[in-house]
């Protein structure tokens, strides 16, 4: 049989060689990657980036929970100017798309960042983090269909870059929000961000995280993420990127079967730095074993966007 | 960073002191380790998802050996303590910055509990460079002390919480007498011990730049990608323990904002 | 020191000897309990009971996920008449409160069940399952503050039994819903029910559950449940019962520290049939070790209802 | 139900056939087991939360032994297969209904794959009652067959998918020749095999009430509290495999609604 085609089209010219990206916040800005072969990745999604630099939350910032972890990093990042000046020129020399994850407290923040990143060589696309549960205001866009749509539209007008919007699962009606974002002109959706959780240190009688609550990621949330993708992918006509608890090839395939066009690997990077590459190879093997030549054979239901 | 991922073979497991386990592992990574650096060790316990950070207690680069000394506090260390000769463990490292060991001044090492681990390798490196080395070492009780024989050519002063060996009380009580002149200070132990050391230095007018501490905090990645291991930076913001540390000059830290990440 | 007082007052005369109940759907109607010493329990909460008998969903009904399980039982139950006629008389002879978990598709269902159970000897209280994610209509009350309040009020008027209302975490604003339910006259709240999740059998290319989606329970959801209790307990002035992923004494203590007045143990019963009793004993030991004589010493924050 | 919770000690671990593991456990519960009953076995693997159901393949009540025969298909069985002599495993049981074995008619046992396990004990009980017993036994290949020596006093007819032993094909192809007269039929194996058996019986005009099947499905609790193990009941609604089964008269089941819970 012929070559396996693992490429994925996420719209507006964002074409990935592999369906396996590394998720925002789990690969920094792509530079600190010991033991990783970056060339195996579909894309790097960067840490959430804000208009001005942010120090982030005081420690303790992370805690382990059953099959998961909580984080309350608080969007520590060097700000968009540093990204443009120091990082983008390096990315421009990589043979790998870099998608900048964008966060803000107000529509104007997002718009300003999108403008600043528009047309900058080395930046392949934006992922809007409208769901970061750690910064008080971060929740507001992601949980309200109208607001999410308005934000998407404003950013859409500010940039010609491919625009992925990341859904938060901390909502009653994910599908309504997904539809509003798709209608407002997003090129793709990613689902899901972390769920808000809490851990208490019984011995010392206090929340483990200084921020009290944090975002839950890891295998624990995978069933919730798969269900989110399953429902969203059949409701919108743009590609959906699955993220949440992917540790192995089989996990990634669950998402692709559920209707995801691609996946992001997050927490797994901490455990196995080569996870994303291994999963990419595993997907290729799976396709070969079934005699399929592309990812199109995978979904259980016909995707809404075909 | 030259850190890599490797399966290491456990050569030997022993219990060098009460509550302490030592694993000797065979790995070519041994040659790259600087005293104070650590590895992210993968654990396969039901209760553990993330890797666990462990200092290389000592290395033998020619034989390709790394020693880890640790105690059992939870699921990860429990799993690690159950490894035996012949088992394989998966190491990512060496990671972070070790101690700066050049120079000729006398060295005083301050160790609390399992913090002693890192001084096996460090004291060797210091005495190997001809530096006069004293270790101040505190533990709960005499049976929990790593034998002094592991620290040849060093002077050792002990303190125990129950008075069963050395000074009856905290190791930090030994500081005033032991640190004279312009000694370099190396410290590893629970965060409250580090904080006490820094307070003592401020009172005793010892410049913080003369103190290097090994900082412990829960780690997500160990490689600078999760930003989970924040350590307050003097002047504002945060450093990353896994990149800027774990061994770090005490004057770079804003100690008033340092929390005991393990709530110890 | 004196006797440890593990008793808990859940309002309207519902006083438990122990703060550890068994959760709905994980102990059937209290009868099938091999290897269990029932006398150690604070209460039995029954399987969700509907007006008419229900067959439940076709198999496969359960699946394991990392540190959790999905279920789509579909409210299989013998109906309220059978409960009154066959079960209640036996319960009346037990030295242990039995709380009937009530489910329905419409306000009238709940009201009719509440009327039917009112004054029946052997029934100590009701827990309203307004959150069962498996029956299509089951979601509607739990995710809408206004509807949840209306339902609570209607049931409140139909019965003088102690009324616990069980919150679903599948919502954007749990606190608003909790407040509405408390204002409508509930005596206590329990939090949380399962989260909607999905698992796909990659090899056989189909959802594992015949119902496609199911409710996620077990340790995986504990951080989400602890956070729910933490937020709700400080917002309402009635007792909150913590449920979600409690396997050990330490887990239960997390909830009591977060502000729960009592806890329910669910999935853990399947793994260790004596879990609830062991946890009760563990809490007693914890109090003793700290020299405390009652549960009042535990919460990290003063409860809203004191 | 007299089921209880007990720690059992593993006396012996062996691999009686290709792809099969046998654990012999010491437990006083052995005396209470009826052929076809099962235990909920606690597993401590990272990948397993719930207990796993395993039939008692055989028991030796006088010595207090229970044998389990199983294959490795996932995290739970993988963990169980790694137990060795001296280890303890935590058993809840015996649970459910075993086979009805009284009567004097000839018995024909139909076993597919690991389904053979339960017939070690059952065939013993049947022949012990003086019943003429035939076992029809299918597996992938000859090396995956449990040796016939484990079934003394029975006649055995084999089938393998690859033809390496006995009939080349499915075990159900042996039915027509083997089942004559009014034999009682006992079946244990993958759900598709059971379905095929039932279809054959319907075609061959064999009353379903003469067939008892051991039904396998994922189990939450094993004791009737989760309602997770539903089996479609003839006439509507569901039975519980863990209470009404696992061994159940085929006429009580609505076979058109039976799904292969393991998607095998």
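In order of appearance the chains are A, B, C and D, and numbering begins at 1 in each one.
In this text, contacts are C-beta pairs under 8 Å (C-beta built on N, C-alpha and C of every residue); 3 or more make two chains touch, one makes a residue touch a chain.
The model shown is predicted, which means the values in this text are computed figures rather than measured ones.
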| item | value |
| --- | --- |
| Distance in touch steps, counted as few as possible, from subunit A out to subunit D | 2 |
| Centroid distance [mean C-alpha coordinates] between subunit D and subunit B, Å | 55 |
| Whole-Å gap separating subunit C and subunit D, where each centre is the average of the chain's CA atoms | 36 |
| Residue list for subunit C, restricted to those that touch at least two other chains | 66-68, 206, 218-219 |
| Graph class of chain-chain contacts, one of line, ring, star, complete, other | ring |
| Chain-to-chain touches, reported pairwise for every pair that qualifies | A-B, A-C, B-D, C-D |
| Residues of subunit A defined as touching subunit B within the complex | 25-28, 32-35, 47, 55-64, 66-69, 71, 73, 76, 201, 203-204, 206, 208, 210, 218-219, 267, 269-274 |
| Residues of subunit A touching subunit C in the complex | 65-68, 70, 143, 170-173, 195-200, 202, 205-207, 212-213, 216, 218-224, 226-227, 230, 245, 250, 253-254, 257-258, 300 |
| Touching residues (chain side subunit D, partner subunit B) in the complex | 44-46 |
| For the subunit B and subunit A complex, residues of the former touching the latter | 1-5, 42, 47-51, 92, 95, 217-232, 236-238, 243, 257, 259, 261, 263 |
